[in-house]
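Presented sequentially are two complexes of chain A, the first with chain B as partner and the second with chain C.
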Partner chain A sequence: MADYAPVDLTAEGQVEFELNGRRVSAPAGTMLVDAAYALGVEVPIFCYEPRLGAPIGACRMCLVEIEGMRGLQTACSTPVQPDMVVRTNSDIAKDGQDGVLEFLLENHPLDCPVCDKGGECPLQDRTFRFGPGRTRFVEAKRHFPKPLDLSSVIALDRERCISCYRCVRFSQDVAEDKALVMQERGAAAEIATLTGDQYEGRFTGNVIDICPVGALTSIPYRFTARPWDVTNTPSICGHDATGTNVELTLREGHVARVTARPEPNYAVEEGWLSDLSRFAYEGNRAPDRLTAPLIRDDGRVKEASLDDAVDAAALVLGRGGRVGILVGPTATVEEGFLAQELARTALGGARIQRLGIPGAGLDAIRSQPRAELGDIDGAGLVVIVGGDPPNQQSIVELRVRKARRRGAAVITVGPRPHALEPVGTAVRSEPGRLAAAIAALDLPEAASTIVLWDEADLAAEPDAAGALARIVGDRGASQIELGADVNGAGLRALGLGAGDVLEAAAAGEIDTLLTIHADPLDGPGAADWGWALGRVRARIAIAAYASAVTDASTVVIPAATHYETDGVYVSMTGRAQRLRPGATAPAGAAPGWELLIALAHRLGAPPPYRSAARAFAAAAAARPALAGLDYDVIGVLGAPVAAVTPVSPNGVNGPREAAGTGLPLVTTTRIFGNAAAHRSEALASVRTGAELVLNPAEGERLGIADGARARLRSPHGECILAVRLAADHPAGAAFATTGVPGAGVERLLPADRGPVNVEIEAP
Partner chain B sequence: MNAAAISAHIEPIRHEYAEGRSLILPALKYAQTEKGHLTREDIEAVAEATGFSAAYVESVASFYDRLYLQPTGQRVVSVCVTLSCMLRGSDELMERICDRAGVSHHGGTSEDGMITVQEAQCLGYCDHAPAVQVDAEQTRGPLTLDDADALVDELRTSPRPDELWR
Partner chain C sequence: MGLDDSLKGFAITFRQMLRKPETIGYPERKTPVFPRFRGRHRLWTHDNGLEKCVGCSLCVAACPADCIRVVAEENTPENRVSSGERYARIYEINMARCIFCGYCEVACPFDAITLENEYEMSERTRGDLLYTKDMLLAPHPKPVPVRSEVP
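Here is the complex of A and B:
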């Protein structure tokens, strides 16, 4: 993976030295391995991994000769010095490398033919390039009954471990879950968790990427393929709004694996993935995936060809009724734009909206200077307002932990407990009273401040959003939106609002509904949507998965998922990045942008382009927020969309009063408690369901015991949940998990996810 | 042993250690005095008392031979097999002790659960070679083979100490 740190050879303060007889320079403080790599000289390494913190010199693989110093030096922990004379390929340096490799291989099984790392194994590669051709070791090697399951997704072959400590350092110093350790010592040393425990967490899969040998391998991927049987494609994770850069491993048309990219995006995920990003791909072939177009006629359902389905859809849409178009949160910029074009041309007069948070009061905070995730760890003060980033925008957690390790002060304020609260100073706000809590914050002085704020929480409290915008402005801070929707920012950049169709449908002004990756009946406001859509006469669904919407649609056209299509997602920090197809859509499905272009043709308003790239270029030309962007500009690492024009924080009003009576509802989310996690077999043993969490005092007041079931009722709808009483949750609020398929907590909410109160009773 | 008892033991000596991490060892040794070995509950109690993760505490315990993660006999006899003792007959001594205790020549725990025999490296008692240590309490030597039989018999019949320091 990202073995060597990036080095800026043009930065100020260069140090001159000699490398293999060449006069070179690198910035002061650069480790010799990194400088050499940037200058075209590879010094082999195993334990060195700059993202894990200071080098520990555990493996001795990086020995080099430095004139004037006794013995060989470890280049991974030696910074460049003026006029040092370094030789990485002298006889004595080579002798050192030979010796270390021979030593590492003494107890190594070298069972490459049956090892899953074979072909992409740093130990194999480096032995080949730098090591001795033969071993002098004739004694018995160590053996273990193999392999051990470190968790349901990670297998451990202990005899292959070279004790480089990378995985241990990831667990101890990066994820800070403190779960992985080295047990025993000497030849008996092995990687382990507390005996009897599994290695579980939000980021565990990263140890598979960083293990330089086949000791830690992915159970879902084990024995699926050899590196020469697959192709790798850089793409973007489509399971949260962070825009995490991933690499898709493609085998026989399917996604066989998701890993970090070999060259991480340091502005975004820095090469660390959440386990959701890494293992959700198995859901791409889940049983509820739509694979054949369907046409419903008088209650009879028949399968159709893609062509016939698009024809039928065009027929229904072209009948002249009033059309509403719903664009779901996972739709790409191209799909959103093509839908807008349909509404502007072929279906002139159609209403269109995205499914998401309207966020009328968020313009002021959004127009403050944006930061990237990569800026967080350089900040002096990190303030997190609302939300639950570890569960919703997981990789943010690693950045905040890193910032704290580097000395940043961390302050969290919000209504719900979450895993980043113990990292800093935690302020618990009363539900619906974020503004007061923000006003009472005592923020320390800091050279640079980054404020992270939750889209859903602040949209529900516009006065808090205004207050926060003022603080950001006054301090000269920058801000990061903790976005709720995968491509919410991209669809907003197109100018898509989030209320039109619902309003019109509720007023009986929609006859025909076209949904694009949109499941209004499973999301927030499900009950309100159900009522409003009751008057719609015909529905066309372009969707990847079956849902209550597709179950009742006249025409269902299966669409490619984000693993299978070209397209652009804009991350919550305003970074436009490209999806590249890593897999082929099922035979009966096609990318949404293709389907929408085909529809436009059938409806007699053909757009002048036939590719996703050209569709995006047209969007960029038509929408100021995307100005100047095209697929080349976005490239491999992405490019920022235009900043939001400044909006004054004055004049946002609030607080919005919660509808209904009873306890204020505080929604929560769980990283493995959503449709994507529930679809993936790999995540079966960590997935979680929905629950109602109450402070024990509330449980007593309501007469509801721990483990009982309770009915929750809001002015919008109701649902039944299992109850957990937990003292770490404050009294005066009801905490219910959203996002869990089938649990129905969304029915309690209005479509704009605004504040509600709930009555709770035994069912 | 519970975390409160362990804290009560380590808090008075905390100032002697520059790093809090170093307290894990005395905490583990003390926790072990109760049963003679460490259970998962003991590890978790030490973790709570010292503020380190249970996994880390267990990794420390697993590093040291004298911290036992499996049950041992009531008394543990460590027979030195390092150079001085070896030259003075530790091989035979080890065999004799094992035979008398009724365990294999590699060591182990007697069937009645009274005695565990194990090999040890230099006990710092070379001038009394061949030497053995009983728990961590007493180091004895030089031992003849008859002394060995007597030692085993004595341990079999002597009462279990209140605290098992090993």
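Here is the complex of A and C:
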């Protein structure tokens, strides 16, 4: 892991000091370990982790000799001082390091051959490099039964723990879930949850990454591979819009685990992953994964080879008739662009749209200055408008908590309660009346303000988007979009709209529909889409997972998932980042960009490129938003796409009135409630289903008890949900969980996720 | 070349005719190998029947020919295979690749793998040269004679 903080040796305010007889300089306030590391001297550490906040000097590994100070000093908690004389390799410093390592290893079981950390273990590495090489300890070692399940995904081996407090500090100071503590003292000290329950939360897996020994290990990864069995590939998380940088560990063609990168992207996730990003990889081989191409002919389904399936698809697409192309939210920029090219050249005049939120009124706020997630750290005021970032864009939560710890004021405005509300001042808006709540906001003065706004909530209330844009503009603030779709920003950068195909299909103007990673029957407007799809004569699906759409398609071509394909995702903050193929796609599947190029060849309009890199270069040349980008420019850490052309926030309409009668529907999301979490066995014990949450007063009014089931009916469709009565949810609204596969809450919504009212009754 | 040289040659030939032949009738008879001759691998079990191998893959790391594949799994009370927490569910050596360097034996922290003296491993297909854990746990069916270390 990134053990040492990055140090800018060219910054202003350098302090000169002597390190191992060398005259050097580092910025004032830099900790000695970081300065030394930047200057090429490694001081061994275990407990030091700059991302966990102030150093605590718990492990004593970083002892160095400083002239004029009595005894040895911990370099991790000593800032550089002018003219200090530091020796890290003198006899006395070496003696200190040897002593500490010998002490740490006294009770360490040295079961490295069976330990999952073996081979990538800081304790192992530093014992080899700095240790005394022998121990004087001959007594019996401490023994605990092992391993203990700290949660369903984390195994705790107490014997191996060196009491560095990293995991405790993560839980207390970073995730702030206050769950992990150190119990007992001395040799009996052990990590445990305060309550004795399982350690559950949105970010628990990070303690596996930061543990410098094998005390906390991943249960899904347990005994799966050793570091020399695997290759690690830097990639991007494809489960939310944050563009979290991850590293895929691959063994024998499969994703064996997902971890934070050793060199985190400080502008994005800073090395912290949500448990969804970390453990959803098991769904890559879920039973509903499509592995063989299918061709349906007169009701008979037959498996085909990839070549035959592409031929069949080209035959259907090429036989004339009006074609519609639907690009799903997980499609890469390349896939979106190739679909556009297919529509433009081979299928002249085909209609194409992305599946997502149209958000016509959002350009006013989108065109305001953008910030990166990393900028939240230093903000003086953080305003969160709408949404539920802890559940939808999880790592944003850690950034906001960090900003709050650094003294930022946090204000949340929105119709639904969420985990960041207690962090600051919470303003509860009435459903559909965000604009009024924003207008009534009394924002304190702050040197820098960052406004985070929810795409779906503001798309439903364009007047609120305009009001917010004015506030951002007036204050000179910057904004971060809390995007709903994984690659929504990337598909928007290509100029893909979000309404064309649905209208045309509903009007009977589409004969053949090609869906690319798109499942309109499981998203907002499912009912409208169902009707529109019924009017389409032939359907062709390029998809990774089986769905109602693939079940009804004439030709189904399995596609590679984001773990298996080259491509570019643009994060919600406008950062283009590369997916790198790690795992091998099933034999009967291929990356979407390959399939689309093959289709174009079969349709007689071969594009002049044959690789994802060249396809992206072509997209960058053709679309102003991607101008100047290619795979090399994007590199490992990504590059920003062009900003949205400024749009005046004035002249916005009043609130959109909700369709239907009854209670206004407020959609909620649960981090472990989506299809990705439901596919992953590792998340089985934390995954959640859909529910309808009502204020107890509403429950009484409607005659619905806690735990009962209720039927929800909107002008678009209906569904049945379990009811939970909760006093923290305001009266006057119905809160229903979206995103849960099979629950059907999306059927209540219009395709553009606009406001809607629902009638609730006992079924 | 004169008559002298021809006679010398014939003399050698006649001398050898009366000696015992150096060749031996392999495969009916085999040349004894030295005890430290590195032949086919063998995986060992403890006296209580548990496998010594814990599936740590250190042999894989040490192997310069990349011919070993280990897939580990956790021991459970119902299925206890080795004495540690983990065991090798799959342990394969590709004998077509192995160069019999013995590094795996040196790397093994549990003395679970050793190189024995057997060398008769020819097969009719390459696939048969992939030795599985069951094959490696059993003694080789074709033992070879061993000679004493010091002549």
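Definition applied: the second predicted complex is superposed on the first by the 761 of 763 C-alpha atoms of A that agree within 3 Å, B and C clash if a C-alpha of one lies under 4 Å from a C-alpha of the other, contacts with A are read in each partner's own complex, and residues count from 1 in each chain.
The definition used in the following text is that a contact is a pair of C-beta atoms (placed from the backbone, for glycine too) under 8 Å apart; a residue touches a chain by one contact, two chains touch by 3 or more.
All of these numbers come straight from a predicted model, not from anything done at the bench.
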TODO: Would you check which partner chain A:185 touches, where first means chain B only, second means chain C only, and both and neither mean what they say?
DONE: first
Task: First (chain B), second (chain C), both or neither touched by A:222 - done: second
- [ ] Please work out whether A:196 is in contact with chain B alone, chain C alone, both, or neither, and reply first, second, both or neither.
- [x] first
Open item on the list: Taking the superposition on A as described, I'd like to know which of chain B and chain C A:111 touches: first, second, both or neither.
Closed with: second
- [ ] Kindly classify A:119 by the partners it touches after superposition: chain B alone (first), chain C alone (second), both, or neither?
- [x] second
Task: Footprint of chain A on chain C - complex, ascending - done: 54-58, 60-61, 70, 72-74, 84-86, 109-110
Open item on the list: Per the contact definition, I'd like the list of chain B residues that touch chain A in the complex.
Closed with: 40, 43, 52-56, 58-59, 62-63, 69
TODO: Under the touch definition given earlier, write down the residues of chain A that touch chain B in their complex.
DONE: 172, 178-185, 192-197
Task: chain C partner contacts - residues on chain A that touch it in the complex - done: 111-114, 118-119, 146-147, 222-224, 226, 228-229
